[in-house]
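Some structures are shown below for you to check.
Next, two complexes with subunit A in common: one pairs it with subunit B, the other with subunit C.
On to the complex of A and B.
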């Protein structure tokens, strides 16, 4: 049987070892951080007015924020998903403006040293030099650095922080902001709309294919911090872009809250791929609303890797609004001890002949909890739709640790002329698999690692090579303890 | 209604007029359970298969024919608490007219239910655009030392190519569709 090395108190060792290595690679805290504005803990209209005033926003945005705050107060906490009772909304700094924020820096030399050092340690400037078309770096509530290859800029690509987007392109911003995800959507979308700061604003002109990815890295440094970035991507007709976001935070004893909203508009014949490598520390609640609308013959792909956080609740969705549109979600979740990954996807077929594919892979280990929660809906009259949902889960580690794997897919089909398929499987690494590899000279630890890598391979192969390597490294971090 | 499986090879036909049925398996037992909802019949039922005895084994076969304006609401709970238990549950259904099929199937594996091997499979065809099918399977796995737990669901429509094939061989479209649907449901005409 698969007794996954409970030797030497492996669960405890793995936990402490994981935190040590996370601390070293991602979880370091920058002691030198200095703040221009740190809002008092708790949320009230004055905090919202201060955010809007400091950013120099137009009146309509302040009104939107205040209205969203009322909605946030009205809406109850979700009674489903993970346990949200630990979130103390009165113990969070909702806006943290680092020193020298504002006036976006176009070179790393202009960025304050303590911010630059943080992103240096995370390898962001190096990645930019090697394989990115544009980079954003957000520290606490503000984007501190933004760059875009000059050639792309000349071709009309916009890649800015939303604050700058609102200032420089107010008409485009106002036309799309909040149209894909309104403040009424859910409690955390309302919270984000009330206190949003940072994120990305991207516009890709008609017919332009951006060959290299754009990336933004989000970093929380302060304890009891809230990060509420807002990302708005508009891919005009026939364009093509790949956007990548990464995130990490130090390990604190008190909890932080990350509640982002991502809105994407994929116009006729355009293609957007949005990749997330989520690696928050174990004290971060990660409650994110992500949604795209895809028009005629457009293609939207979410690649969603969730490895960190205390609790993640995230269900990227695609509203297929135009004939021939295609939506795809590749979701990967790894829940180690004490972590809950409640992830999934939503596909709403609101046009005929639309197609969607959801592939979800999860591993729960040493008491972690993974849940796939999804919805596929085909509206009446939307003929010729096809959708396929595949969920696979592995349970690893100490049998007594109480790992949990749940799958809750929902199929709501209101049209006859559709084909819907769903399959899910929960299993463990079998003795036969291990024996097969062992008889070929592979030791048990390496065999387990190979099987886990093979399990995630359909998703990892879709990533750019550098990110695939990074993801493999993160999986290795999570596996540590069971591998040794 | 409570039914206890106490021996090997039992055959059980479930009634339609009981809102809640619980079938409990004792150790070293097995049963084949069948469930059939006939045309134009509306039901709202919850059926639980509880594999509490070690090495118990069950096969469940369900057929749902929702026609006219019938409403078929069916909830199947497959719970494993004994060791080395296995279950194969297969459901097939056809929705036509303005009928509604709301079929939920959940597999629950309790802590300590090691060696569980379980599968829930549900396939539905819609014969009209006005019929509605809701298929909601779920897995709740609280034990890592299992063989496997799987579910699969599909919702589709009668294949036009197959209807055309049968028409080309002299069948009327109505007979062709009826033949295909009956074959799908495992019925012979």
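On to the complex of A and C.
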């Protein structure tokens, strides 16, 4: 019996036209891509040894990897969050090394053409010329291009792939690697520790303020790919840096897995802002662990924009370890048809007089699911802490499409002397709002777009202009496939 | 040519008939005041003219700027030159009033056919200087208010001010002003009607005004061409300002009886 209703067909049409546009703007696939090493599908100690051998790693790192692999096998899959049953760990290439990887290239001309063309289409070299202090470009498992303004490098800033960081600065690397997020943290942190490749390694010296952002762009090209980058940022006392992460992939019919670990150490009086614009295609599981520790009077800000992927589970955290530390998460999630954005934040107040702010804004449309999942904990005796949590959700499209917005805000406050603010609301675009805007001459689609952009505005205004425009474009791309 | 011509207009919400055979026309240079008690159908009339689909036209017709309005959408009517100052303006958080008005201006310039003549389009700066700044001064609207989300966290009085600001900026051919006086003190009332008069005086060769109110005091600030009294979905009396006098002394009973 044919159970397809006209509404389903409309939904499919909207979806396929969305896919067409995504494919054109972000999802082009490089047929010419050539790989120096493509690990057999599936994971075993041999794959891990091969990764470590090809990279020429020290023994301690191989041991860490192998131990993490054991932990990965032991740990159960998370029983909460989105549906992870579609992940087939045996059907993933865990290490994909493009030809000419290694020996970081500092000019785009040295990078293989297909890699260069991809990043050209994504506008990375142009962004680098205009407003970035440094750029990394990762293709599959390896960082293929890396640059840093000479002046910053002279001042002692380190901005490298972690593979290169491990080679050039083994002491710093060993001192911090895995200290913020251990392999025992969760199954996917263990997996990442076992097979990590690429990412960023950043050190900002004492007192240095890096005016322009550093950015790394992560690209998956092939199907059934696993990308497991590892990022380690150390901001020494009184320093200031803004790091931006972008990503995209072609749409494939089989799934890919992106599982990163990001560790950040924000020392006394330092400030780190980490901005993510996540735009994975609909076949990517995005399961990422991100955590920062912030010491005395330090400030850590996560700006976390999640627009793409099949399922994202990501809860950037700040451990407030020193008095006066401040943590902030601005989270933006957009779940269109068939997508799940299970996102949020964690703030752990482990020192007195620490403050945190969580602002989460999400849109679920045409059957998409957004979940805010957050934890604020104030440890006993940590007096004078303040925390503010605001979660706003907007449901778009036809009611029958079954879009869902969930909110799970856990407040674990073990100290009476704490100031807590918490607000949550779910809303819809009202007919009154649309009519009002229409009576000024804008059509209903534009009116809807303006309301959506207005909804996200408190987060978008925090971004550098170019990224605000990029994010607006991504929101428009999501809105174009709108049914209602 | 009439800007608006209603013939035997009847309107219902669901099964309830609200407007019962309204005949009414506005030409350029005219100011029509529609008075009547709460629930007499004044706001329904305004909402029907702008094309709010909650209200179904069950009989009669609406002709706007010489064309049958039919099923045209509210934005098409706006691009043809219609404007409504809302009784209860709704908030759009995060959409700055200035950005919104520039977008609306651009859409209106493109007109009904949605073809934009870039030559005619004012730059953002020129738009601000020539279109926004003068009425902001008349209405004492601070810069900060046009950068804020449309009607977001504004008082009732501030919302009415920004409604009139929009009227001045968008330069409609026909403006309907619904209960502008509600919630305004005397000084604010003077200020917003002075601004309405100013816009109208500048453009009266081509512009018409419909003022909806149940407050006779409004007639101290505006000189109507005609006053109409609505009761129970019908226009029960039309005439010069003397009608308002009768209302003043005898109330709505004076009209009926």
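Things to note:
Here, the second predicted complex is superposed on the first by the 471 of 484 C-alpha atoms of A that agree within 3 Å, B and C clash if a C-alpha of one lies under 4 Å from a C-alpha of the other, contacts with A are read in each partner's own complex, and residues count from 1 in each chain.
Throughout what follows, contacts are C-beta pairs under 8 Å (C-beta built on N, C-alpha and C of every residue); 3 or more make two chains touch, one makes a residue touch a chain.
These figures come from a predicted structure and were not determined experimentally.
Contacts of A:451 after superposition: subunit C is touched, whereas subunit B is not reached. In the superposition on chain A, A:432 contacts subunit C only, with no contact to subunit B.
Of the two partner chains, subunit B is the only one that A:393 touches; subunit C does not reach it.
Shared-chain residue A:443: touches subunit C; no touch with subunit B. Residue by residue along subunit A, subunit B and subunit C are tallied for touches, and B comes out ahead.
Contact with subunit B, but none with subunit C, is seen for A:402 once the two complexes are overlaid on the shared chain. Taken together, the two complexes place no residue of subunit A in contact with both subunit B and subunit C.
Looking at the complex, you find that subunit A touches subunit C at residues 430-433, 435-444, 446-447, 450-451, 453-458. Those residues of subunit A that touch subunit B in the shared complex are 1-2, 364, 380-381, 393, 395-397, 399, 401-428. Interface of subunit C with subunit A (complex): residues 50-52, 54, 73-75, 77-79, 82-84, 86, 89-90, 92-95, 100-101, 103-104, 107-108, 149, 166, 170.
Against subunit A, the residues of subunit B that register as touching in their complex are 111, 114, 126-157.
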